[in-house]
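Naming follows writing order (A, B, C, D, E and F), and every chain is counted from residue 1.
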Amino acid sequence: MSHWIILPIVLPAMMAAFIVLVVRHHVVLQRVFSLAGTVALLAIAAGLVIATWDGSIILYQLGNWAAPFGIVLVADRLSTLFVFLTSLLAIFVQLYAIGSKWDTRGRHFYALFQFQLMGIIGAFLTGDAFNLFVFFEVLLIASYGLMIHSGGPERFRVGVQYVVFNLLGSTLFLFALGTIYAETGTLNMADLAQRIAAAPAEHTSGIRAASVMLLMVFAVKAAILPLHFWLPSAYACAPAPVAALFAIMTKVGAYAIIRFYTLIFPPDLEATQGLFDTWLLPAALLTLILGMLGVLGARRLDRLVAFAVIGSMGMLMAAVSVFTPQGIAAALFYAIHSTLATAALFLLVDVVRDRRERNLLTFDLAPPIAGGALVAGMFFAAAIAMAGLPPLSGFIGKLLILDAAMADARMAWVWAIILGMSLIAVIGFARAGSTIFWRAHASEAAYDEGPPPEDEAALAPLPALPMVAIGGILATLVAITVFAGPLQRHLAATADQLFAPEPYISTVLGTPGKEITYKGHADEDHDKDSTARDSHGPENPETPLEEEAH
Amino acid sequence: MMEAAEILVSALIVIGALFILVGSYGLLKLDSPMSRLHAPTKSGTLGVGSTLAASMVYAFVWGVGSVHELLIMAFLFVTAPVSAMFIAKVAIHRRRVAVEPPSPPEDSTWATKAAPVAEENA
Amino acid sequence: MSLFLIVALPFLGALLPGLMIRAGRQACGMVTFLVTLTAFLGLMTHLPAVMAGETVTARLDWMPSLGLNFNLFVDGLGLFFASLILGIGLLIITYARFYLSREDNMGEFYTYLLLFQGAMVGIVLCDNILMLLIFWELTSLSSFLLIGYWKHLPEGRQGARMALAVTGAGGLAMIGGMMLLGNIAGSYDLTVILQHRDEIQASPYYMPALILILLGCFTKSAQFPFHFWLPHAMAAPTPVSAYLHSATMVKAGIFLMARLWPVLSGTDAWFILVTGAGLVTMVIGAIVALFKNDLKALLAFSTVSHLGLITMLLGTGTPFGAMAAVFHILNHATFKAALFMSAGIIDHEAGTRDITLLGGLRRLMPVTFVIATIASLSMAGIPFLNGFLSKEMMLEETTHTTLFGNPMLVPVLATIGALFSAAYSFRYIVHTFLGPERDDYPGHPHDPGVGMWGPPALLVILVIAIGIAPFLAEPLVKTVTAAVLGGTAELPDAHLKIWHGVTPALWMSVIAVAGGIILLLMFKPLSRAWAAAGPPFAKAIFDAIIAMLVAIAQAVTGRLHDGSLTRYAAIFTVTVFAVTAHAWFSGGVGLPSRDALPIEPVPMTAWILLVTATAVLLRYHRNRFLALILMGVVGLVVSMAFAYLSAPDLALTQLSVEVVTIILLLLALNFLPRYTPVESTAGRRLRDGVISIGAGVGAAALIYTMMLRDFVEPSISAYHLENSYKGGGGTNVVNVILVDFRGFDTFGEIIVLGIAALIIYAITEALLSGPVRARLLNRPTEDVAGDAHPMMMVVVTRVMMPVVLMVGVYIFLRGHNEPGGGFIAGLVVAIGVVMQYMASGYSWASARQRYPFHGIIGTGVLVAGLTGIGAWFFGAEFLTSSFGYFRIPPFEEFELATAMGFDLGVFLCVVGAVMLSLESFSRLARRSDTEVNEYAMDIDPSRDDAPQPTGKEG
Amino acid sequence: MASRLTRRIFPHPLLTLLLTLVWCMLINTPSTGAVAFGLILGILIPILTAAYWPQRPLMRRPYRMVSYILIVVWDIVLANVQVALIVLFKSNARMKPNWVCIPLDLRTPEAIAILAGTITLTPGTVSADLSDEGHSLLVHALDAPDPDAVRDDIKHRYERRLKEIFE
Amino acid sequence: MIIYALYFAFAAVGLSQVLALWRLLIGPGSGDRVLALDTISVNAVALIVLYGILTQTQVYFEAALLIAMLGFVSTVAYARFILRRDVIE
Amino acid sequence: MELLLASAVGVLTAAGVYLVLRQRTFPVIVGTAFLSYAVNVFLFASGRLAVQQPPVLNDAAAAYTDPLPQALVLTAIVISFGMTAVVVMVALGAYLSSEDDHIDDRPETGDEGAQS
């Protein structure tokens, strides 16, 4: 068997542990090791994408235990796609963190960073519902640390809210898992699919309750209304590279919804009719509306981008909630696109923050920043992508979603809201960009008593590495636009694979695991209970208690 | 023999339970914090000790034998005075005593009442 | 030249000006000119084929699955528009080179211009409507950059945003329309769509598609009521206005109506919408234009009016109307570009565009005067100029048009439009150039260099040439019209000529010109009346709408996200409750299949304890210390319940975690207020009570129902029970699950714990390196008891800690077969160490601590991970376990399992994590006035006898 | 040299003994293997924790500890019955709680701790505090009309014996 | 006979827990509450041991040991908090 | 027995939710601790209840209590401990750096704050 599947999980974990153990006092070494680890991760992820390109499903039985009894990792097109995306994003984010020196503004940045990668990738790869919970927790707790990295009153206050809200989400996850285990007696996702499909028709309440509870758990991650409240402040307050990395975190929720509601609770499942097919689309559209209203109404650039994330999740989930291969394929394209676009925006916001006087992110008047044309140009490109205007990937994503929505009876609503909200986003981004980047040029005239003394930060030349990182993300956006055709073919194949889950299920459940050869004690006549002091011993079988209990 | 053992175990259990009950009853009944401290620290400890002894006897008669109950007993007996002392210190510190303790025959004051600054110089 | 190259050239070339600007403005302008010229010449290579009626195509697959492909084609219509775009582009580039001042970033300007040019060429040449949408929106974006080019001008920024909002909105609507259209036709390729007239017009989606597409066209082409953005776009530098509003941007909508004419026109809906909008726009634009004092605003509204004219012509749906439209597009492009450029010259030289500050320029700027006059007269529809010809055709067409059953409506309105058109054209000449010379011009008016007047002059020559010899343009116009008709109708028989005889159109023309002169003569009183009437300003309405949107957005998002976690949590709970309840009650619950266990007195007592403690805690939670004590009770009861329910491992874990948690909370409470103030009103508490009772009842009902029913299939744990000993080598199934069957969960779990400790450490560091540090150090010392490190505690700890460590080792070693294991052992050991810390204090104990807790965590994770990896070397999966039984005298036979290595990692990680967390908390508590205690205990009478302290050794 | 090495290996020999005993109790089934393993741990753990117990308390006559423990156990049983009777049958009003101060002759912390522990576990008394230099012990008696008698009893019955063992 | 002794013991200890909880709730001092909690945990040890006799198993030994040990540690922690506000200093 | 356990889960959940809805960080943290008690018992009960069953394999036993939920609860307990530790520290950081332990960014207006 090949160990490639588990490497993306074990490698960051070991790297983080190594960083904590050996190089926790050397920032340069931490950078080197962490970056090297991430590059290796990307290579492995690429290998996994290639290995699953033809539709093969790779199974990894941890501890060599057969599913559903042990935990399995499953690599298929969907999971490897997200693993690759995560690794790619991680490289850019890390370059930015190095270039902007964010990594030195607090302790244990790289350990947390690598653990975060481990959690995210583990969530994508696992084939076990409870193990998914564990990886959710890994990624969450790492995100708590990263979110409040470097501290500060505002970050702590927002951090408390972020943590508490997600604790509620985690609690709900456990309630859901308890319910699902109580109903089905299993935790393996493929096994769940089989058992739920075979569940008696008169006894569906528990399964239905579990299915919506899980949906809400994932909806918290995916920031779907009305469970999204944790997001705006947390993302706005998080250090830029962290916020950029968080761009993939919402996708974990989306991934889980796609996985669970194609594999375990597929749209044609009798037991769960009338649930997510009814509720998810309205929720997604409301999310879209709220996100874009947030873009329009934001008073600060960082919050604007945070709301753009919510809006993008609304778009994505609108596509998912059509629950057709076409819809899922569109959602996947949009997921890739929006991850990169929001990451780029968060990093650009940080560049602006760093270079504006008093780190202003409000739309107040401030002098222009050095290298403003480059930053403005990049912001323009990223905003275009985010708002779904041509020529970047956002537009293609939008077309794909609109196209997919034709299959839904509520198409008119979907179209009207998506298009209407695109307009709102365009207006919002135009308002923000023209204020931040253009109005600055009016500042000399606008100040009554002459311009304020020039800020050193604003005049220093742009540091190269951060711009390379952002440029890299934008270049990737351009690349997925140019190669949208082949990419879309792959995503369509991915979606088709999701809607034909039999190979997945049979691979997971049909692969034999460990052969159990009985290894008793050295002297065979000892039986297993002789070590166990479970009873007071077999010598006096009639104890007074048993006697009386008869 | 078995009957004797049965009687012994039962007696130990009942005695233990009674002591425990008395300890908790005293905890509720006694009217000052320092007095309340006496009941559970002693009766409780002996009550649990008696129960543990019952368990040991039971194991020796009807099982393969067991001595690890002694360990729990030792644990309780060693820690109970420390817990009691801490709670007494709380009572003294929070002035929840009916009568203030008299001055020590030697030294200037009781440790709990010693101001932290003075204690640093000690 | 390849069509791809023609479209790509402006985009690729857009990179050049930015680079060339370092070589100077001349080089910058030159390279832009050359790029455009190359594209233009490339386009001209297709002229012969197109004039011969052929269609040149180029195809490239992009996203075939979506139907989005890079397909281009050029026919008469495309060639016509592309030539206009590139040809006038050349003139504009030349003009701009001289128009822009030294302060303006020319590289940036030409970059935007080329982007815009490319997008326009893309629109007119593309054969895929999705592709067309892309170019369409690109024109919106690039025009946004162009209009906002003068960033320091608020009008520029606002105008740019307004243009983007309006045209962007139209573009978005058009996305919908185009996708519907493509779906009806089964393809997004224009050439295919154009073949499906009947299907399209029969489809139920025709109406929505038509409306959505027209929304795009009308906004782009500034048709009423979307016309208002155009005048505000005049804040752009004049070359931009000249380019965007004569030949390009605003013509994009016209182009698209023409392009889709074969499939969309001919229906009542089309006729009413397009003709109606065009007519209204034409009249309103003309009227408003007359009263504009800004030269460019006047021209802008005149553009609105003329676009309305063309739209109206396309709306009639007749071949003749189409031909007139095509001809007017050409004519309007020529005279309007010339007019904009002349307005720019005036602005540039006289220093103002305000018509009220001008007049009498004819002697000062004779060349400009000539150019502007000829162009204006063409616009007014004076014979022998091209504007006259197409306007005659328009008027002719209106006489055959019946709108709302009234044959007079269209002709009369058209005449009124023409009349105002003549009026403002005359005003442009009269109020700018005629009249007495003034001495208060803001600048020093004089003719500019040939670089600036050359381009409009060239256009004026065209104006005259076509006006005198229209037959020259006829082949072109006919080819283009044929392309517009797209084979759905016969090309009209008419010819382009000056004299058609005395037709109604001629009379209408005469009325228009004469009326125009009269209007101009009456201008002053009319102007006063206009000002008094106070017509609504579209900008004000638009601004109000945007402001309202922003206000709504801020109200909605601000109100919802006001940072009130309590409300977020309430919404979360209610949502979860409601959705789950809905799911539950809409399904079915089978009958109970299990008997309930009897209720016994001891569990009943425990239940009473738990409920009482919880209730009292809720009542008195504001006393935080009491809350923690009650939490201790609840934790103990829960642990006991686990023990009672045959889960000793759980009981042990819950207990030890409980204690560590309490210690953590106590450590934190040291810094926090000890009481929670009453802040919630009774109503709010009632609300929260209702929500929480709902949640509680829900959870209870859910688990109660399920406990009395069986699994749908037997649980997988039967396998674990079956194979725990045989395959995992342990009789404690729970532990075997933890370290073997589901060891990967445990791996994640210890990482969570490790991360928690790292975060706590990092936060401590952040706090201690910030402003908080000083506050912490100088916290007032409260009234605390003496004797921080009591002798009895220290002495007992000296014995107890080693014993506790022993117990830890014991629990660790037996975990595989009996309750216990690495996790509980880790907690026990940690608690033993904590005992030591509590006894002798943090600083005394940590000075004697030899192993950094970070390192212990790292080692733990590494050991656990490496144990898992170890299996690889035996060709097995991560965490595959192995075990065996060994006998080494004097020891009894014992079992060694690789899972123990994993458990050791767990153990280390737990010890490290718990200790690092506790240590971090106690580091915060250090005050500046406390000294590190030198001795383990504060009071030690034996020190009286032993003068040399031994406390430091060891 | 040798003694220093011995001190490194056996910082607290009695602790080693105790730990070995604890291990045997934990294992609960007597065997040489258990004793051997217990001994190994009994040696290792004190070495690991030696830093936390820097001085080795002097015990001159450790064997007398046995008789002391027996006395205390007996007293505990008696004391509990006494306390139980007081708690059950004596009203709060008739009880005479009192403070008892005991000047200490003991100087070794370990010995003082054992004394204090003994006092708490035995008849109606709880050791509550130590004086600020460790020369007196504060004891609370649940029902002691005559505190001096209690003091003398404690000094005679327990402190004297401990003094013999430790000093 | 033993079973009846056990039933009696369960009842007595259960009652003791209720009494101790009562003290915990009425206080009045924090020290009283800590003492009550300590009593509850010591009584819990007895409950576990009794349950071990009832079910004739020794697997609950560790639980009893741990409750004894942890009860002590938490009592000290609570008391230290009242005395010094800082549990580990 | 099932009724006792289910109602205990209900009481713990209700208490947890009520405390989580309070306005200061400390009760909220206590609330999350209660929620984790509740969910741990819930998860445990998903394996159905068994009284006086051997928790460890032996030959004499006819049936066992379900070990899988126990393992899950163990994992959940540990994870929630880690989470609690972090949230306590973050809350402390928030309080120490702004001298305010409100969990809401600003106290709610309207029916709130009358007494604060």
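The definition used in the following text is that a contact is a pair of C-beta atoms (placed from the backbone, for glycine too) under 8 Å apart; a residue touches a chain by one contact, two chains touch by 3 or more.
All figures in this text were calculated on a predicted structure; none of them were measured in a lab.
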{"item": "C-D or B-E, whichever has more C-beta pairs in contact", "value": "B-E"}
{"item": "Centroid-based (C-alpha) most distant chain relative to chain B", "value": "C"}
{"item": "Chain centre separation (chain B, chain F; CA means) in Å", "value": "32"}
{"item": "Centre-of-Cα separation between chain F and chain D, whole angstrom", "value": "40"}
{"item": "Distance between the centres, which are taken as Cα means, of chain E and chain D, whole angstrom", "value": "23"}
{"item": "Distance from chain B to chain A - Cα centre to Cα centre, in angstrom", "value": "54"}
{"item": "Of all residues in chain E, the ones touching two or more other chains", "value": "1-2, 15, 17, 30, 34, 53-54, 56-59, 61, 65, 69, 76, 80, 82-83"}
{"item": "Per-residue multi-chain contacts in chain B, two or more chains", "value": "6, 18, 25, 37, 45, 58-59, 62-64, 66, 68, 71, 75, 78-82, 85-86, 89, 91-93, 111-112, 114, 118-119, 122"}
{"item": "Junction residues of chain F, two or more chains touched", "value": "16, 20, 25, 28, 38, 40, 42, 45-48, 52, 54-58, 68-69, 72, 75, 79, 82-83, 86, 90-91, 93, 97, 103, 105"}
{"item": "List of chain C residues in touch with chain E within their complex", "value": "601-602, 605-606, 608-609, 612-613, 616, 625-626, 628-630, 632-633, 636, 639-640, 643-644, 648, 651-652, 655-656, 658-659, 662-663, 666-667, 669-670, 782, 784-785, 788, 793, 804, 807, 811, 818-820, 824, 828, 831, 834-835, 837-838, 841-842, 918, 921-922, 925, 930"}
{"item": "Residue numbers on chain D that touch chain B, as the complex places them", "value": "22, 24-26, 28-29, 76-77, 79-80, 83-84, 87-88, 92, 95, 97-99, 101, 103-104, 116-117, 119-121, 124-136, 138, 140, 142"}
{"item": "Chain E contact footprint on chain B (complex, rising order)", "value": "6-7, 9-11, 13-14, 16-18, 20-21, 23-25, 27-28, 33, 36-37, 40, 44-45, 47-48, 51-52, 54-55, 58-59, 62-63, 66, 68-69, 71-72, 75-76, 79-80, 82-83, 86-87, 89-91, 93-94, 96, 112"}
{"item": "Contact set on chain C toward chain D in their complex", "value": "786-787, 790-792, 794-799, 801-803, 805-807, 809-810, 836, 840, 845, 848, 850, 890-892, 894, 936-937, 939-942, 944-945, 950-954"}
{"item": "Interfacial residue positions of chain B with respect to chain D in the complex", "value": "18-19, 22, 25-26, 29-32, 34-35, 37-39, 41-43, 45-46, 64, 66-68, 70-71, 77-78, 80-82, 84-85, 88-89, 91-92, 98-99, 101-112, 114, 118-119, 122"}
